[in-house]
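All chains are identified by letter, namely A, B and C, in their written order; residue positions are counted from 1 within each chain.
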Amino acid sequence: MNTFMRWAGFIVVLFIAAPLVIVVPMSFSNASSLQFPPPGYWLGYYRAYFTSVDWLIPTWNSILIATATTILTMALVVPATFALVRHKFRGKGFADLMMLMPMAVPHIVMAVGYYSYFGDLGLVHSHLGVILAHTCLSVPIAFLVLSANLKGFDRNFERAAQSLGASPAKTFLHVTLPILRPGLVISSLFAFIQSFDETVVAIFISGRDAETLPRKMFDSIRQEADPVIAVISTLLFFVVLLGIAAPYFASALRSRAPKPSRPAAAH
Amino acid sequence: MGISLSKLTEKTNIWPWLLLAPLGIYMLIFFVVPLAEVAIMSFTEPKVSLANYQKVLTGALYQRVFLNTFVTAAFVTLCCLLVGYPLAYLMAHSKPRTAMLILLLVTMSFWTSFLVRTYSWMVLLGNNGPLIAFLEMIGFDKPPQLLFTRFSSTLAMVHILAPYMIMNIYTVMKKIDPALIRSAESLGARGWSLFRHVYLPLTAPGIANGSVLVFVICLGFYVTPVLLGSPREQMIAGLIGHQIEEFLAFGLGSAMAMILLVVTLIILTIYHRRFGLDKLWG
Amino acid sequence: MTNYLQLSNITKTYGHFTALDDVSLSVDKGEFVTFLGPSGSGKTTTLMIIAGFEKASGGKVQVGGQSISELAPHERNIGIVFQNYALFPHKTAVENVYFPLQMRGVSRSKGLRQAEDTLSLVGLKGFGHRHPKELSGGQQQRVALARALVFEPSLLLLDEPLGALDKNLREQMQIEIKRIQRSLGVTTIFVTHDQSEAMSMSDRIVVFEKGRIEQVAAPLDIYHRPQTSFVAAFIGESNLIPATITSGAGRTAENSTLGAFQYAATDILADGQKVTLLIRPEHIKLSRNPIEGRKNVRMIVETIVNYGDNALVIGRAGDIPMRVRMLGADVVIIREGEECCISWMPEAVFVITK
């Protein structure tokens, strides 16, 4: 059983790895359509990406929307998480569940809802509309990460601070927030990525004016399979690699174990 | 601030409500209302009736799409399990270095956008791609069409969703006490029977978690089936999108969306009863 | 100054559950008082009420004659050391110690210097720049102590501060804490599970049980003159024998199987009163034959546990389980399963009326 599992495992490794790395050579290809292995190599599509307004604007839109979404999400989720983790009250179980609901609803269903609802409100094809929708979808992830952190937070830190003369406000500022900072950072990061990667709702509501990168990629893949996508994929690949490797290196330096798991979203 | 923390934590006070209010109101306006709108449209577009549901539930096209969606989701889940289990095993029982590298790989895959991975499969399976070239090399004169078929979309979905399965199973495997396995061995369990009667039951919670997650995501999957699948064998999310974008058939689209939603929620409710929903995304 | 800290009729209920029931206590200035009691007996709850983190359901807390019940925790000027130390992980040792001074508006340069001084007092000179996780358990303990002392609190509360340390370090820290407490003269309440710790460190011990105070007394009084059978059983090893007073004036009581007892001098008790007789295992002598001038009883030896320097003999006198402590070297006179004679002087028998 052991040997079988090992061999099967290694084949799966190939299966997982191949599609991740294939975009890298593709991005340097000089073919005008999808061809692998590439007939020749050049940097033309990188130039195309970095000079084309058609690609840069959606990139910028995505960054803008994801940043705003993160800020709004955290502003809403941080107080709510404190309420839900720190207090007992009637209806708490229900509230806990409601926080997770946007994750349980398929995004296509939300997309239909937003398409019609934001149409009524005049929010389709606007940055604001996408931000408002994305915030909703980011809430569960941010909440899960933060509440796990807050549950693990030792109340004695706060008691100690107060016994030492810190008022509740100062305790929050000098003790609670700094100790929770890693949790807040990770929670914000997840909210950001959730928004940055979100495709389905963006396809339906972002329109031309607030077009996000995933929407642009989706359209492009569907229509002409522009090789620039390989460039973007490669860039995203290295961003992710950097993002994952950084904590590994940092932990190797500080020899602390990382926990690279991520709550999933129902795309 | 003269309020003491003990007063803040008294059971009956308005603090939690005050803290919860902004998010609550937000979710009401931007989550509950849009969802309610979908529900309402399914009954009122274009006019008040049950016609949409009647059409969706009895029409041959729709029935075929529903069936296709279920079968595909089940098949993808099964494949993810077959693919994920050995890999999780490898991660859990290799030398730390190997395990770490595989973990890195799976995490990479996990975090890489669905779109990027979908695109990769387009390259791999395309008519000028390596797989076709390989098939030609080993003697296929006219290699079969791989892209835009049920095969390509299923394969890509398995690849995209496998990390969810792997992570769930791996977490459980990691927690298995090696002493337990040793003691089972000392009681005479070996090879297949050790696996069947000891190891597999111990990893069952991870399998359940991963399967529910993969199945549910797959049911509502839009991007990959639309980009890689055959236009003639749509899945439900794709069809909903199609109805809305092409025909502006909000009523029909909403009715299908409601059915998708209800099915998803039923599965998750059963799961919630048994394990608690917050465990699912662990 | 007497009655520096005064708890009057404190009760605390959680729903229908009574965690503290009419707790009253007064502590003198500079005194070292230990709260001792089984898990869940209300020690931490009492501490939290003094510190202001829990609100008492009834009763009041006074320090130096002033009620502090209405003050928020940060206004109470009470230093606390928690079992897990609760050192702020994002601050260095010296910044942790500086924190209470910072909250009191002391300038950074002056405060840090003062913090360094306090760290030296607890024997951590030169460790100030380290973060808590770079310190050993004992060192973290000292930082926590320094942090709780640097602002000259009116009270020092320690909730099982040594619980996480190994035995050697515990003993070292016991001595250390006692030394620092003496030199500063700070009024201290110390919570522990460990009775030997309570015995060795305290001026007085408060024994808690089920939310009530069972007894407040100096360590040796607690040991030799327990007021209740709970205290007798909880502190040290004990043989407890139910009995009835046969002659209050003649100081005799009777147990149905062991017969008549002489007991040590106390107030005269009413004839016929039900009491419990306490005999500490080390006050019992084990021999082959009865000894003149003592109360002698026959015992069947069931188990002998030899610790080397001393040995514990567990047996039965009639239906009453008995424990006897003897020198390890003397234990050879007896074997498990044999019958022997145990005896004691009347002074060894202490009467417990509750």
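We adopt the following convention: contacts are C-beta pairs under 8 Å (C-beta built on N, C-alpha and C of every residue); 3 or more make two chains touch, one makes a residue touch a chain.
Just so we're clear, the structure is a prediction, and the values are computed from it rather than from any experiment.
Engineer: Farthest from subunit B in C-alpha centre terms, which chain would that be?
Structural biologist: The most distant chain relative to subunit B turns out to be C.
Engineer: For this structure, I'd like the pair of chains sharing the most C-beta contacts.
Structural biologist: Max contact pairs: A-B.
Engineer: Report, in whole Å, the distance between the mean C-alpha point of subunit A and the mean C-alpha point of subunit B.
Structural biologist: Distance between chain centres, rounded to whole Å: 16 Å.
Engineer: Please report how many Å separate the Cα centroid of subunit A from that of subunit C, as a whole number.
Structural biologist: 54
Engineer: For subunit C, jot down the residues that touch at least 2 other chains.
Structural biologist: 52-53, 72-74
Engineer: Residues of subunit B that touch two or more other chains: which are they?
Structural biologist: Only 2-5 qualify.
Engineer: Which residues does subunit A have that touch at least 2 chains other than itself?
Structural biologist: Those would be 159, 162, 167-168, 171.
Engineer: Inside the complex, what are the residues of subunit C that reach subunit A?
Structural biologist: 51-53, 72-74, 76-80, 82, 84, 86-90, 99-100, 103-104, 147-148, 151
Engineer: Can you list the residues on subunit B that touch subunit A in the complex?
Structural biologist: 1-5, 8-9, 11-12, 15-20, 22-24, 26-27, 30-31, 33-35, 37-38, 41, 83-84, 86-87, 89-91, 93, 102-124, 126, 128-130, 133, 159, 162-164, 167, 171, 191-192, 194-195, 213, 216-217, 219-223, 226-227, 237, 240-241, 244-245, 250, 253-254, 257-258, 260-261, 264-265, 268, 272, 277-278, 281-282
Engineer: What residues of subunit A sit close enough to touch subunit B in their complex?
Structural biologist: Per the stated touch rule, the residues are 1-2, 4-6, 8-10, 12-13, 15-20, 22-23, 26, 31, 33-37, 75-77, 79-80, 82-84, 86-89, 92, 95-118, 132-133, 135-136, 139-141, 144, 158-159, 162, 167-169, 171, 193, 197, 199-200, 203-204, 214, 217-218, 221-222, 225, 229-230, 232-233, 236-237, 240-241, 243-245, 248, 260-264, 266-267.
Engineer: Applying the document's contact rule, which stretches of subunit A touch subunit C when the two form their complex?
Structural biologist: Interface residues on subunit A, with respect to subunit C: 154, 156-157, 159-168, 170-171, 174-175, 178-179, 181.
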